[in-house]
Amino acid sequence: MFVVLRVLPGDPAKMLLPEGAPQSAVDELNRHLGLREPLHVQYAIFIRSVFRGDFGQSFQYRAPALRVVTERLAATAQLALAAMFLTGAVGVSLGIVAAVRRGTRYDVASTLFAVLGQSLPNFWLGIMLILLFGVALRWLPTSGFESWRHLILPAVTLAAFPTALVARLTRSSMLEILGRDYIRTGRAKGLAERAVVLRHALRNAAVPVLTVLGLQVGTLLGGAVITESVFAWPGMGKLVVDAIFFRDFPVVQTVLIFSATIFVLINLLVDLLYTVIDPRIRYS
Amino acid sequence: MRRRSAASHSVGRRRFLTLSAAGLVAAGLPRAARAQGKRSGELVAGLSERMLTLDPANHYSISSTSVHRHMFDPLVDVTNDSKFVPALAESWRAVNNTTWRFTLRKGVTFHDGTPFNADSALFTLRRVKDNTKLIKSFVYQDIESVEKDGDYSVVVTSNRPFGSLPAHLTMLGMLPPHAAKNEEAFFQKPIGTGPFRFTSWTHGDHIVLAANPTYWKPGVPRVEKVTFRFIPELSTRAAGLRAGEIHVVDRVTPDLVETLKSSRGVKVFDVPAVEAQRWIFQLAKEPVKDQRLRQAISLAIDRNVIIKDLLLGYGRPVDSPVPPGLIGHTSLPAKPYDPERARQILKQAGYTNVSIDFVLMKDLYPKQLEITQAVAAMLGEVGIKVNIKNLEIATAREHRSAGTYDMFFSGWAHMPHDPDWYFGQWFTRAGSEKLTRYNNPRVEQLIAEGRVPDPKVRQAKYEELERILWDEEPEIWPYYSVAIYGVSDRVRNFEPRRDYYVLLSDVAIV
Amino acid sequence: MTDLFVTDRSLEAGPPTSHRRPLNAPAVIGGLLLALTVLASVLAPVLSPTDPVKPQFSRRLAPPWGLGGTPAHVLGTDNLGRDILARLLHGGRISLALASVSVLIAAAVGIVVGLVAGSGGERVDALFMRLADVQLALPVIMLAIAIVAVVGTSPAALVGVLALSGWVLYARTVRANVLTIRRLEYVEAAYTLGASDLRIVARHILPNTLAPILVIGSSQFATMVLLESGLSFLGMGIQAPQPSWGLMLAEGRDYLSNAWWLATAPGMTISLVVLGANLLGDGLRDLLDPRLG
């Protein structure tokens, strides 16, 4: 990762300086940024500092990279959690309804919703929501990071795609399970429909849904770039993309260390949940 | 040699009225409004670019300069018609070609009560010169010494003529000397002499400033509080304005003007900017190093269509490499559109199947991709094939450094309202080494001679060198940009700046 | 509850073979939709009313027919006065090809990795899954810039980046399914009976993971189209003035509030393709799933 960043074409000092800065200024600034050392020396310095808890100084912000990143954590976490909640709640319910009422207009409506959710670009949805709820109706603020009301539109925008995906996955997994013999047996034994659907079928349909949900958490944390820019939301996704474009290596490195850790943790957690939901999954 | 007084401000403004109809609306309001002089209300501005630092010496961002101007005063201010007027310096003059003397304003204090005097100016100027980590440092490297002469006078000497120093100083906010103790802590919660005091900054989102009740300029500021929100996405910025959450937005594009004009409570201001778009050629590369080919390209481009149809009139025909209002501007004959002549030239020079790479820095200039596609079609008409390469900025700049381009979509906003930087960067051998590879000793000499403080000498030198450039066409200047602002109709006394600044000290809200 | 599951499940003797049901109506509609889109794109040069690349400044931003426009430009014109229908048709050739190839590659890689990780023992599993985590943590844009820097720009590089961004979803889903299925008694029974790994994978595991794969695949199509336009600035995507659906969306972005049709036309087209893919995917799943009657 360290090397990948440094082989990128482009020059950090040139990105920081204005268009018309002489080459001498570029060289001088790169020296200050520690970028004129040989690569292995830079790497040694980086590793040593990271173990001391020092992630370097952001080139762009001229502040500790760790602080620059952690300042965005609150905004990122809020948005990701809200979107996650929407995805889980709406996606799974829609999927269940569509599966149980297969072939009815509920199913059709849910399919249409899912198609829109999967294919509407985030910027289109975001701007349309702003124009409708912010400008025309004035029910919600158009952008910014302040109260829970500012959170609603970006969370809905961000959740659209994963919700659609989860709804369809739930539907298809549920259909598969509902068709199985043991469910028929359960019904025949006189179990209440609710219990059949929620306790038996849903539980068995949960594994693929959970997998995708787990992966979406990661996407929601770091991949909300477009939603963040449309709503001027000060999150980590936009931060890291800008940092990549500006060749702000310390910030990119810090975000990557953070997000890799979060990914590993979440996916371990998902693996653990598999065994809880389905005791047959063991790791030998 | 050059002395400015506060009086030139209003004179300048009146002259400026002739430049722009929108300026009329903006400037017509102030006198009546100023008479009331009561401070009330709160302004919210939406800026296009995120502020990265509160250190005025450590960036060249236009949005950040706007924000910083409210907290920090520079020594020199610049009016909308590019006249330099007193801020913290009451007057200044060139003692000789390499010495400037600034007389400072008395009775000004920083927000914490520290008096402003020569020590502050000394500290600020020496810091930007000596601390080469600072982004603005390279501009001040010609300075040899900064000395004080009494408590309210500062003498700056340079190792070669530095006529553009006052212009550069318009972008450098003055700091109290005690900032040196712990710069990092200081710039977390900075202190200036400006009309507003720093309140809080939510990184990546907004900054809040509160009126400085003891500001040295009477009647300023006019509101209690100003919030700058950073909203890079134009649609979102405009939506905030239309929803009444934001009172001023910058960087509106021509296509959005009608939408804003038809929104209730929103007005649109526009003014010709101090910015020329430029399509630069790689002058060491075949085939565009050939002046005949460049001339053919220039003749094949219908600038009128670009301005009228694509920019909807929000662009101005170019009559000089330097926009009107700046020193050195002179009116040269317009570049004609003559595809027939272009074809002839190509034929005479033996060019068939010419194919050129036109590199763009992604999303940097409004409507650049659209305009480039139009140009590609126009050049296609005369038989020149254009490969558009819309690249990520850092990669595009690498292409420019490496010289692997034929044309490059660029622009130049004359932020210090002085063309010396532009000429020195793009038309000297050292400056253009990693850019266009321009090399003309005569032009280089004229640029050096134009660095003196005397405006008459500068005007003469610049006129001569512009005529050379006009013939050589080392770049194409397709249009001067127009700065467009969206403003709430509750806002009074807003002035649309030609340098894209959003300055709200003199602005009121009802 | 799980007892119920296992007992009942053990009654099944693996996938029955004699099922052949006709495709359901939605699947036929879905298939037709897709076939029509592909056909229209292939025939773009014939069907296009005008040149998709050449600007016509005088008829800039004309609205669609019936909404203030003329029948000469049914879907209106774009910011350079080019006919949007013509651009959609031509753009489809590139977008459909790129998106479907990269979805197929991502799915193939993901399925193989998922199968290997799920059935290959704990070490292999851990290795592949942590690899997936790291890859997910790296922003696609950074990978793309790096790949372009190393191998240069080409359609193949673009497909590579797109596929790289998509395989993990399949890998993890397949793996999760394998973990569930391989413990089923009939699979264990097959093992004891000496069936080869390959046979077990092909006969028992793959059919059971098909449903989520089809769902993910059909929904990833739109993501790929959008990503392709997102990557165009690396010089590896489609460069203007050549049309692609993603690029058209991106160009329409600045016009949402005053000329909505620029972004809406390609957006609707992508929706139609996704709808077709969803319907067909569901239909195929029903067809292949042995248990649904």
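For reference, chains read A, B and C in written order, and residue numbers begin at 1 within each chain.
In the analysis below, contacts are C-beta pairs under 8 Å (C-beta built on N, C-alpha and C of every residue); 3 or more make two chains touch, one makes a residue touch a chain.
Keep in mind that this is a model prediction, so the values were computed, not measured.
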{"item": "Chain at the geometric heart of the assembly (C-alpha centres)", "value": "A"}
{"item": "Higher-contact pair (C-beta pairs counted), A-C versus B-C", "value": "A-C"}
{"item": "Chain centre separation in whole Å, for subunit B relative to subunit A (CA means)", "value": "38"}
{"item": "Between subunit C and subunit A, distance of the C-alpha-averaged centres to the nearest whole Å", "value": "19"}
{"item": "Mean-CA-position distance for subunit C and subunit B (Å)", "value": "46"}
{"item": "Residue numbers of subunit C (touch at least two other chains)", "value": "145, 253, 256-257"}
{"item": "For subunit A, residues contacting two or more additional chains", "value": "8-9, 127, 131"}
{"item": "Residue list for subunit B, restricted to those that touch at least two other chains", "value": "235, 239, 392, 395"}
{"item": "Parts of subunit C lying in touch with subunit B, wherever the complex brings them together", "value": "53-55, 57-58, 60, 79-80, 145, 148, 232-235, 239-241, 251, 253-259"}
{"item": "Subunit B contact footprint on subunit A (complex, rising order)", "value": "8-11, 14-25, 28-29, 32, 60-63, 68, 71-72, 75, 127, 130-131, 134-135, 138, 141-145, 229-232, 234, 238-239, 245-247"}
{"item": "Sites on subunit B touched by subunit C in the complex", "value": "234-235, 238-239, 253, 255-256, 258-259, 305, 309-310, 362-363, 367, 369-370, 372-374, 376-377, 387-392, 395"}
{"item": "Subunit C contact footprint on subunit A (complex, rising order)", "value": "1, 4-5, 7-9, 111-112, 114-116, 118-121, 123-124, 127-128, 131, 161, 164-165, 168-169, 172-173, 175-176, 179-182, 185-186, 199-200, 203-204, 207-208, 210-212, 214-215, 218-219, 222-223, 240-241, 244, 252, 256, 259-260, 262-264, 267, 271, 274, 278-284"}
{"item": "List of subunit B residues in touch with subunit A within their complex", "value": "52-53, 55, 58, 60, 132-133, 135, 137-138, 184, 202-206, 229-233, 235-236, 239-240, 242-245, 392-395, 397-398, 401, 410, 412, 421-422, 424-426, 430-431, 433-434"}
